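First chain A sits with chain B, and in the next complex the same chain sits with chain C.
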Partner chain A sequence: MLISTLMFGLVLGGTYALVALGLSMQYGISRIMNLAHGEFMIAAAFCAYVLFDFAGLSPLVTLLIAPLIGFGLSWLIYTVMMHPLVKRAANRGQLEADSILATFGLLFILQGIMLVVFGSDFTSYSYLNIPIDIFGVTIAVSRVVAFGLSLFLGLVLYVLITRSRWGATLRAVALSPASAPLVGIQVDKVARQAFAIGGALAASGGVLVSMFVTFSATGGVVFTMKALIVVIMGGVGNLLGALIAGLALGVIETFVTSYFDPGLSLASTYLLFIIVLLWRPQGLFGSVRS
Partner chain B sequence: MMLDIRNLSIRYGAHLALDNATLNTRKGETLAILGANGAGKSSLLKAIAGIVPAAPGSSVKLDGEELLGLQPHEIVERGVIAVPEGRGVFGAMSVEENLLLGANPKRARQGELTRKSEVYDLFPRLAERRAQLVQTMSGGEQQMVAMGRALMSRPDLLLLDEPSLGLAPIVIGQMFKTLKRIKDAGLSILMVEQNVSASLKLADRGYLVEAGRIVGTGTASELKSNDAVQRAFLGGPAAPALS
Partner chain C sequence: MTRTVLFAIAILAGLAILALAPAFLGEYGLGFMVSLMSYVTLATAWAMFSGPTRYISLATVAFFGIGAYTVAVFNETLPYPFVLIVAISIGALLATFVGFATLRLAGVYFVIFSFGLAELVRQLITWFEVNITGTLGRYIFLPFETRHIYWQLLALAAVTIGIGFWIRQTRLGLALKVIGDDELVAAHSGIALARTKVLLFVLSASLMTLAGAIQSPRWVYIEPAIVFNPTISFLTVIMALLGGATRLWGPALGVIPLMILFEWLSASFPDHFSIFLGAMFILIVFLLPKGVLSAVETRLARLKREANA
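Showing the complex of A and B:
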């Protein structure tokens, strides 16, 4: 029971981590708090469902397509909607307030479109629902694959951000946007890239989560909130922190669900969030902006 | 002629920070901009680097091409790099990462490794501390990081804003020695500096700025003996010899 809870928790946490990394890119680098982040994820989940049920396309193929669409759409949204806000914002606080209001609206637009197209019912499909035995726990192959891919994508991103020059330019913009132009960094371009990558990560997370979780058109908000909690728990801008915090949140939720009551899982998430905010507002692993 | 600045004015709202400044630098030349706090020296450098906008009618030409209106990153690509007051280093990153970012401009990629070893040769202190986070280093070391990072961009013209600010006298002495080596390597330097005697020792020529206007210019030795410079910066006219 203990090991199975841990494993199911890690699988769930892997996708939380991935979606949180996306939010962390958008918030930490582009300075946009994107409340519609979860809607991108749900849209990708529906995309995987439609392509699987009606076209017989494996979600693993969708995993190659959906992030590209997520990237392109986010690029467009940044250019059309966010860039004017960035340009007129006198300071960071104003941009945060403006972007929260703007993406709050975006949330309802995207959710409305999905409600019209897919209705409000819970949706799921059955892919790779083959039981296998790992450490004596019976678990579906789809979950194992989703976990492996989440971790893989998260670590690839982490290595790129921390080990490449391109990643260093992203961190430079996150750390000191005022100094970045001194080394020839085009802050605006980097912010757009980071926002688009965030959208791609949300889409990846959506496809992966759709492989083993039921989802609905109105479910995005919960994912956004969980991603936000993970980002703050891990420390804003701290990608490795977000990865670990994401896994931890998945495990904690699964423990509460199996040992106490499934109805308390969301409550436990927020309790954890409040504890972190009170006890370590800089996050469990500290912020890069410390 | 390398940098040709004509009628450069800078306004912050109603305040005229720089009024019709006209100056130029030749290739390989070191210029010192002298003046009291708030005279408009830093604004001059910021306008050249594209960080603050210039008023209409101003012109800053680099080898005949207009720089005004370009984005800061485009100006870096033209070979003009600024080390701002307060240094603008990436404190939460290592020395090595700061230098890596210094070579971010496209023009800097060619010969990057050679340049890095030159920078480490110029600042042996940094070579010893490649992996150290810059925010944990002393002010003098951070200034080395800022200069090393600037040199990594393969610049033709280095803009230095108060490089000695807040540094101990012995560190300032070392810094000017290093600047001499940078100058001897053929780089043009445009420097705003409160330490007038040290900067006039390094510079070929200088301009005197007062309340936003250029009020004097001359070779470094002319400026050293200029009454206004003497009075304002060098502690009055030289005391008559005893005996």
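Showing the complex of A and C:
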């Protein structure tokens, strides 16, 4: 029981981490607090469901398509919607307020479209639902695959950002958007890229989560909330922190839901959030910065 | 002086006319007026905190729902005024806690916390009712007709706007103005940032709680899913923004056109309601970032300048 709870928790946490990484890119680098993040995820989950049920396409194929769509759509949204707000904002606080309001509207639009198309029922499909034994725990292959892929994607992104020249420009913009242009970095371009990559990560997280969780058109908000809390827990802009915090949140939530009550999943998330806020507001792995 | 007197007379006359509304309106019209007064209270209370601090609270319905649910729990065991006091106390206590946990930090922590607060409270109440009391869903039997609820909400809306007016005259209002303009300057001139923000948040949340409590007998049957409806938070923000969150009369002004529009939209396009809402929200953020009132004022000032030139 203990080990199986731990493993189910890690699987769930892997997707949380991936979605939170996307949000961390969007907030840490592009400075856009995207409240519609979870809707991108749910849209990708529906995409995987439709392609699997009606076209017989494996979610692993969708995992190649959906992030591309997520990337393109987020690119478009940044260019059309966010860029004017960035240009208009006199300071960071105003951009934060404006982007929260604009993406709050976006949340309702995307949710409304999904409600019209798919209705409000819970949806799921059965893919690779073959039980296997790992450490004496029976677990579906789909979960293992989803976990492996989310960890792989998260680590690839981490290595790219910490080791490549391109990653260095991203980190420079995250650290100081005002001085990045002085070394020849186009802040605008980098912010757009980061926002689009965030959308691609949300889409991949959505496809992966759809392989083993039931989802509904209105479920995006809760994912956004958890992703936000993971970002804060890991320390804003700290990718490895978000990865670890995501896994931790998945494990804690699974423990609470299996030992106490499934109705308390959000309460456990919030309890964790409150502890972090009171004890280490800069995040578990963040450094003190103004 | 004469202007102040005239203004006071105009407000009293307006209140008197509004108080007489039940005599002219049918049940449908009065129901509309109840929602209108409720939203005037919510939007004004929202702007009281979020206007000057620019911390966008997405938690309106958390407090509104607490108010309504408290009445549902205690309406048979306690006299009505005590029920209201209990409701305000719970709302204020939660607001104090949330305020002290988040408002000492950057605004984004507050927004994130408020984003899920209503859902959290709803889940906790549902869990408590299912597992401990075993009664999910409660009835409210109070001897109120629609007009009684309307009069109470009218009074609450008037008090809320009155408090908004009063804050602007006090040191607290001055402190808020400085905080809104520049937090660093505010801190250096000796304003206790966190305490001022928490105080204001608690005040605003208490008024929202009271609005929910007073309106609750309209439902008769109450479930957490009914009173913690996220659309209420959403509508409150959009109304306050349309009118202008930094103005005293802005939020109330934003309520009227949007209420009429939403009434029409939800009747004509029930399935596409939230798409319209979202689109309108984005339009307001882009086209009227400071609200209608200040847009009109800027336009008038420009016309005057051009006329003089």
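Definition applied: the second predicted complex is superposed on the first by the 286 of 290 C-alpha atoms of A that agree within 3 Å, B and C clash if a C-alpha of one lies under 4 Å from a C-alpha of the other, contacts with A are read in each partner's own complex, and residues count from 1 in each chain.
We adopt the following convention: contacts are C-beta pairs under 8 Å (C-beta built on N, C-alpha and C of every residue); 3 or more make two chains touch, one makes a residue touch a chain.
Worth saying up front: this structure is predicted, and the values here are computed from it rather than measured.
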{"item": "Per-residue contact with chain A, leading partner among chain C and chain B", "value": "C"}
{"item": "A:112 touches, of chain B and chain C: first, second, both or neither?", "value": "second"}
{"item": "Which of chain B and chain C A:169 touches, first, second, both or neither", "value": "first"}
{"item": "Touching residues (chain side chain B, partner chain A) in the complex", "value": "49-51, 71-73, 76-77, 81-84, 88-93, 97, 100-105, 108, 149-150, 153"}
{"item": "Chain A partner contacts - residues on chain C that touch it in the complex", "value": "54, 56, 58, 101-102, 105, 107-109, 111-113, 115-116, 119-120, 123-124, 126-127, 130-131, 230, 234, 237, 241, 271-282, 285-286, 289"}
{"item": "Parts of chain A lying in touch with chain B, wherever the complex brings them together", "value": "165, 168-169, 171-172, 175-176, 178-179, 181-186, 288-290"}
{"item": "Chain C-touching residues of chain A, taken from the complex the two chains share", "value": "33, 35, 81, 84-85, 88, 93-94, 96-98, 100-102, 104-113, 115-116, 221-222, 224-225, 228-229, 232, 261, 263-267, 269-270, 273-274, 277-278, 281"}
